[in-house]
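Listed below are the structures to be examined.
Both complexes below contain chain A, partnered by chain B and then by chain C.
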Partner chain A sequence: MVGRVITWWTILRICLEERLVYRGDFALGTLMRFLPIVTQIFLWSAVFTARDWRPLQGYGYEQFVAYYLLTMVSRAFSSMPGLASGIAGQIRQGEIKKYLIQPVDLIGFLLLTRVAHKAAYYSVAIAPFALVFFLCRSYFGDLPDHAATHSLTTAAAFVVALVMSFLLGFFLETSLGLVGFWFLEVNSLLFVYMLMNFFLSGHMFPLDMLPEPWRTIVELCPLQYLAYFPVAVFLGKFQGGELARALLVEFAWLAFFVALSRILYWRGVKRYSGYGG
Partner chain B sequence: MRIIEIEGLRKSYRVYQKREGLMASLKGIFHREYREVQAVKGIDLTVDEGEFVAFLGPNGAGKTTTLKLLSGVINPTSGTARVMGFVPWKRDNEYRRRFALVMGQKNQLWWDLPAQESFRLHQQIYRIAPSDYDRTLGELTELLSIGKLLRQPVRELSLGERMKMELTAALLHSPQVLFLDEPTIGLDVIAQHNIQQFLRHFQEVRRTTILLTSHYMKDVAALCRRVVIIAQGEIKYDGSLSGIVDRFSGHKVITLQFAEDEPPREADLVRYGQVLEVQPPRAKLRIARAEVPRVLADVLARYTVEDVAVEDRPLEEVIAEMFAQSETRSD
Partner chain C sequence: MNQRPAYGAIFLTFVRNSLMRDMSFRTNFVIECISSLSWAAMNLGFYLLIFQYTDEIGQGSGWGKHEFFVFLATSMLVNSLVQTFFMPNCEELSELIRSGGLDFALLKPIDTQFLVSLQKSDWSSLSNFLLGLGLLGYSQWQLATRATDPLTFGPVALLLYPVYVLCGVVILYSLMIALSATSIWMGRNQTLYDFWFYITNFSRYPMEIYEGTWGSPLRWAFTYMVPVLVVVNVPARVMVQPLRGENAFLALFALAATVASLAASRWIFRRALESYRSASS
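Here is the complex of A and B:
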């Protein structure tokens, strides 16, 4: 067990080092992530000006901005830039062989790599994040009593939801990338996924604004856990038994995608080694 | 002791066939034609511990496919293979910790980091004890003289230097069996020589079993006593390098230096065998092996000969001829 932890630590350390090689690209990529939020704030302020600042489906202007800022946090956990396309590329170029020859598990290795990427990202992004939240503190003025800022239980549930959203995002995109064993080129599949993700994860607007039957459809879909759900937990929209049940459903989705990625990898390798290349 | 045992190993691929043109591309969306390609057609081979075996063969002969089968990257269509008692394509971790595969055209190191970081990762992946790691790395660093390069990002190394790093990475866990696929491809003569010398020394000291594929006859001549020739997915020859010439070349080359004043005309020499070259007073003839004593006696009796040399044909030539023959036969 100790040996394993040392192995994980070494992989993490080396991935971190690799991440920091291209300092300029890394810094720029980290900072540019804040740009969309500015355009979003302008967009919604224009919408609300036109509406004479009347609330929209229960969301006022402040709540909208607060929602966006919070989805930025959940997406910082759940988004996996380059993961699926990277896996498909490795399959296409035969680099996947390395994981068949060496005594190392591809999915476990990629997960550690991703943890390292995220760790490097947070350590740099925490300062601008803090600054943005400080500047926008007025938007968080009237949070309900059971929001994460007031209740320890909600705060804990928020952290759990975030960690699970990271894992869910990882295994979901890994599964997509592994489809590359069958199709080699997965870019159009990824485009469809990105598009669905944009609307169904709550990245564009709070999902509880949606009318029926869309609301139910979105709730049956795992994408809401990538952006909307952690924010909803933070804002205290789920309480007590409902919160526990929602977290359990998220966990079930996570388990599903862990299993799916395993099956895809197992079958994919079998197919790959059957055809050669 | 036998370390590699292969019996009736076969591997065929299904390859997508596309006709030329856009129409064919459109048809290909709905219906695809496949062709069965037999890369390896039933190979039997045993290798003893500590042997250094070369696989020779033209491109597409099945050499790399065989190495891929033995390293567990692909499954065979039929047949069996055992390496150190393991079935390679089951990919047991225990097996994977005991062999290594180096491909001259593939990079296994982290591109943007110094090689020593990749080595450190290998230490963890292969669970190499720290003392073993330090000792082996020290040894390899010295043998390959790469001490100064360990801290340089891999992308900034030359091809030859990178190959040395690849070899180091592959040998850190002291594999008992090593597969080398074209390890000197693209290298200049000096780098090739360095790698050859290293491999020879390393193999002599460690007694590692090595299977090597290469297009460079010099690699093979310098390193391997045993040569396996594969063409069209079958083993055509298995034996010593010099044995190839004995077995496949029924001819010798005789160079005759005649006295200046009366060199024979080309027409006179034709009856002995094929005339390869005439530059009076010198002539080169290709003579059937069995005929050599009779021809020499006859020539010496008829002409004044100042010097004579009887040689085997160059190995490259014999092998090239063999490959060409096996190709025409299969067509």
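Here is the complex of A and C:
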């Protein structure tokens, strides 16, 4: 047990150090990532002027801006750059062999790497994030009483939703990458995922803006938990029993993808054959 | 010996070779066409959603639904041309610099910028060009046949439009090649690529939306310093707005901006090449 903890701690530390080498690039990259939001904010302010600033589907202009800023936070948790393509690449090139002969579990190792990656990312990204949120603090002034700025329960639910969005993103992408055991080339699959993710996770627009039947379709889809849902929790769109139910559904999706990735890995390793050295 | 290389013929060969390569992996080609079309379709869906909630982008800006779709179509045309002819090459340039492969390009008896900018073309990106043409035709037809205040556009607009689309392509190309040439100084520059993407992101919207304390300086900077705002705005305005006043001024400015950005990118590229040290030794 102690041995295992030491192994995992070492993995975590090495990854953390690896990540912090390029911190300058990191910090700059993070600030840049807010640039598309700037254009989105201008776009929506143009839309709101044409609407005489009437709220849109329950969102005032301030809340719209707050929504976009907060999706940056949930995306910072749920996005997994290079995870699925990395797994598929390792399968294709045979690097996956090392997990089969070493006493390290592939999915556990990747999860720790990601945790380290994210921890390193936040330790650097917190400065640009804090700066942007401080500059934009006025947009958070007008939130309802049960939003996370006023209610501790909502704030706690927001944190839970964020942590689950990280895990959900991880296991979802891992499952996609493990499909590489069956198809050697998963790029088109990943492209479809990226496309769906871009529009259906809610970081282009608040998903409750969608007309029926799209709204129901999107609500039945796990992607909304990657960006829209944590933000909607923060803004107080879910309350009481509804909130608990939504968190449970997210948890169920998470459990589903944990199981799926395990099954895929287990079945995949069985069909995998490695040659040469 | 001192003959000028036949640039036109060489370009045609590049284009033909790329087409041949694309056609030898036909399924892949079709998948790539579908991918880029679905991006564009999703984007179109996003704006359809916006126009569910508003009649216009910006009060009194004149960018109603169909006018805006002309704008969007223009954006598709410009971007698909850039993606077809320049994007694969500029992406490759920093790799050539990192691996030292640029040596081979420098040794060829032909202008290096021409060679590294046009060697490959990605034909699947042209699918968005067709989509753009379709959208443009549909929106113009909607505008010309609407009941109130139908839009009339003369031969001048039809003649100027392709010219300004090409100007837009040239401006974006200049920005892209200048950015990738800087990787000679900086080694790998992943962030710079993101930078390119984010900067051109500003060009995808009508310039009227940049207003207010933050917007006006931004609009000024992206019009006159880094002219990405004229890339789509000018040709789109030529089509849907009368060519008078500010529009006429912008149209003239766009021509100057095109020449200036091309010259600047050429200068930066040459300066960067002077500092190129091969990677191998």
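Just so we're on the same page, the second predicted complex is superposed on the first by the 261 of 277 C-alpha atoms of A that agree within 3 Å, B and C clash if a C-alpha of one lies under 4 Å from a C-alpha of the other, contacts with A are read in each partner's own complex, and residues count from 1 in each chain.
Keep this in mind: contacts are C-beta pairs under 8 Å (C-beta built on N, C-alpha and C of every residue); 3 or more make two chains touch, one makes a residue touch a chain.
In this text, all values refer to a predicted model and were calculated from it rather than measured experimentally.
Asks: If we overlay the two complexes on their shared chain A, which of chain B and chain C does A:Met32 touch? Say first, second, both or neither.
Replies: A:Met32 contacts chain C only, not chain B.
Asks: Once the structures are superposed on A, label A:Ile101 by its partner contacts, choosing first (chain B), second (chain C), both or neither.
Replies: The first partner, chain B, only.
Asks: Check whether A:Leu195 is in contact with chain B, with chain C, with both or with neither, and answer first, second, both or neither.
Replies: second
Asks: Touching A:Val47, do we find chain B (first), chain C (second), both, or neither?
Replies: In the superposition, A:Val47 touches chain C alone.
Asks: Is A:Gln57 touching anything from chain B or chain C once the two structures are fitted on A? First, second, both or neither.
Replies: The second partner, chain C, only.
Asks: For A:Met209 in the superposed arrangement: first (chain B), second (chain C), both or neither?
Replies: second
Asks: Considering only the contact definition stated at the top, list the common interface residues of chain A for chain B and chain C.
Replies: Comparing the two interfaces on chain A, one with chain B and one with chain C, no residues are shared.
Asks: Which bits of chain B are touching chain A when the two form their complex?
Replies: The touching residues are 11, 13-14, 39, 65, 68, 71-75, 89, 91, 93, 96-97, 100-101, 106, 108, 110, 112-113, 117-118, 120-121, 123-127, 153.
Asks: In their complex, what parts of chain C are in touch with chain A?
Replies: Within the complex, chain C contacts chain A at residues 31, 35, 38-39, 42, 45-46, 49-50, 52-59, 61, 190-191, 194-195, 198-199, 201-202, 204-206, 208-212, 215, 218.
Asks: Considering only the defined contacts, which chain A positions touch chain B in the complex?
Replies: 3, 6-7, 10-11, 14, 17-18, 21-22, 94-95, 97-98, 100-104, 270, 272-276
Asks: Flag every residue of chain A that touches chain C in the complex, lowest number first.
Replies: Listed in rising order, the residues are 25, 28-29, 32-33, 35-36, 38-39, 42-43, 45-47, 49-51, 56-57, 188, 191, 195, 198-199, 204-205, 209-211.
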